[in-house]
Amino acid sequence: MPYRRSDMDAATINAAVREVFAGDAARCAEVGPGYAVAHLTPEPAQLRPGGYVSGPTQFAVADAALWYLAFVAIDRFEPMALTAELSMRFLRPAIGSEVWAKATLEVCGRRNVVGSVRIWTDDAQDRPCAVAQGTYALPLPRP
Amino acid sequence: MPYRRSDMDAATINAAVREVFAGDAARCAEVGPGYAVAHLTPEPAQLRPGGYVSGPTQFAVADAALWYLAFVAIDRFEPMALTAELSMRFLRPAIGSEVWAKATLEVCGRRNVVGSVRIWTDDAQDRPCAVAQGTYALPLPRP
Amino acid sequence: MPYRRSDMDAATINAAVREVFAGDAARCAEVGPGYAVAHLTPEPAQLRPGGYVSGPTQFAVADAALWYLAFVAIDRFEPMALTAELSMRFLRPAIGSEVWAKATLEVCGRRNVVGSVRIWTDDAQDRPCAVAQGTYALPLPRP
Amino acid sequence: MPYRRSDMDAATINAAVREVFAGDAARCAEVGPGYAVAHLTPEPAQLRPGGYVSGPTQFAVADAALWYLAFVAIDRFEPMALTAELSMRFLRPAIGSEVWAKATLEVCGRRNVVGSVRIWTDDAQDRPCAVAQGTYALPLPRP
């Protein structure tokens, strides 16, 4: 797929997100043509018995990756890009101390950005603990 | 739908969950034939700018409601019932200080429990901020 | 939920749909405040071995019910209302000669209509063969 | 991801599917390590006004691709592998005379096969009309 070049890099995204949402635990680790990677270090309260990263924490990283992907796709920071829908499939126990999610662009339209996401822990990128697909809604121009 | 009577009540579920997962912020507020209600009081870090309850927090409450529903459906506490998949649709800004999710049973089979979920804040039960549908996988008997 | 009264009844919807899409096998069986029911009689090619109604046929009925629901929700026929996303969960073998789907309104906004759907065969309304949730996108006013 | 070599090739899959389900309009076009491609030529009744391939037809091709992928993943034909859940996202009008779907393996466990799917028409593989993710349930060994 031919992607537009984007001025959104990871540092720019992290600085802009911090400005509006200081409490966010996720950060942008990397972006590139048609993808964005999010990273989160779970706190003890986000671990289930046995050391598994909780489902909602995996959702949080997937959602963050799609948010960053939306910035890349539209080539600007847009805090009012909002999750419209997101479906998660849990594949394996998520054991590890770092959680990663890579969102890949499926389409960027006038209204929506759709992406697919793979989530993994530590360095097990080829053994995802979950996959997801979802839609970010872009704010419409004022009529 | 005819539901089996269940010995799982909210107090029993909360006590059992606390035993295995002390850190869980959600609690079971109510159960009945074919449904379970989860409740969570968001912490400041779970609020987005403008006071919105974050998407992952809404996911967490929906997921908890489905977990409690699985206990009701199989009529026992089963910590190894795990989310197989869950899809969320976000409908409105989630503004409020309390988050609720009611999961309704669609089917309980040998392998899975499927339910539909409505999520709302404060007393706005008839104006859900999100809806969800998902599947909990039940542990299989050892062969 | 308080619903707007709608002038869209089943006969009006069926006539309008036939006009633009003569080949559609589904028809609107009933509408009411916040819901719509679709009906389809599967042809032999839509049955799997053993007489099961195929998954795509169940999807077709669910999708039709959501389409009719969108007309009810916006109170007009809108052929350019399009499925944005739809997730299906299959619960039981779909055995029967008639397929029904009831879509219930979750929200109707400026951009989208979101609904939940239950699908069943013959008179087994309380034993759904599938459930679904999905989003219809409404055409935006021209800028 | 390291994939097991599979004896399931497209011809073997098509012959086995025809045996149990003669009416199926889709066919397997290609398989390889961790993927399967399905193909369908829509009949006139599967086209919407304007020549668009209908949503249920796109669902049918996506579902077929996941079915073939399940055979590849478990390395045998298994007619009782059944769709547990499938979520579709529609990205663009599906204009064309041939529909293709490529399903990519996310995980193959004892109970389930999970895959991601891209759907396109004619030769527009890099401009998908829809994407999907879903789960096939494998039959459990008899206890």
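Chains: A, B, C and D, in written order; residue numbering restarts at 1 for each.
One rule holds for everything that comes next: contacts are C-beta pairs under 8 Å (C-beta built on N, C-alpha and C of every residue); 3 or more make two chains touch, one makes a residue touch a chain.
Computed from a predicted model, the values in this text were never measured in an experiment.
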Query = More C-beta pairs touching across which pair, B-D or A-D?
reply = A-D
Query = What pair in C-D, B-C or B-D shares over half of its contact pairs, by residue number, with A-C?
reply = B-D
Inquiry  = Centroid of subunit A to centroid of subunit B, CA atoms only: how many Å?
reply    = 23
Inquiry  = Need the CA-centroid distance for the pair subunit B / subunit D, whole Å please.
reply    = 32
Ask   = Which whole number of Å gives the spacing of the CA centres of subunit A and subunit D?
value = 27
Remark   = Multi-partner residues in subunit A (2 or more other chains touched) are 84-85, 87, 89, 135
Request  = Could you pull out which subunit B residues touch subunit C in their complex?
outcome  = 1-2, 87, 89, 91-92, 106-107, 109, 114, 116, 118, 126-128, 131-133, 135
Request  = Could you pull out which subunit C residues touch subunit A in their complex?
outcome  = 84-85, 87, 111-112, 135, 137, 140-141, 143
Ask   = For the complex, which residues does subunit D have touching subunit C?
value = 20-21, 23, 25, 44-45, 47-49, 54-57, 59-60, 63, 79, 82-90
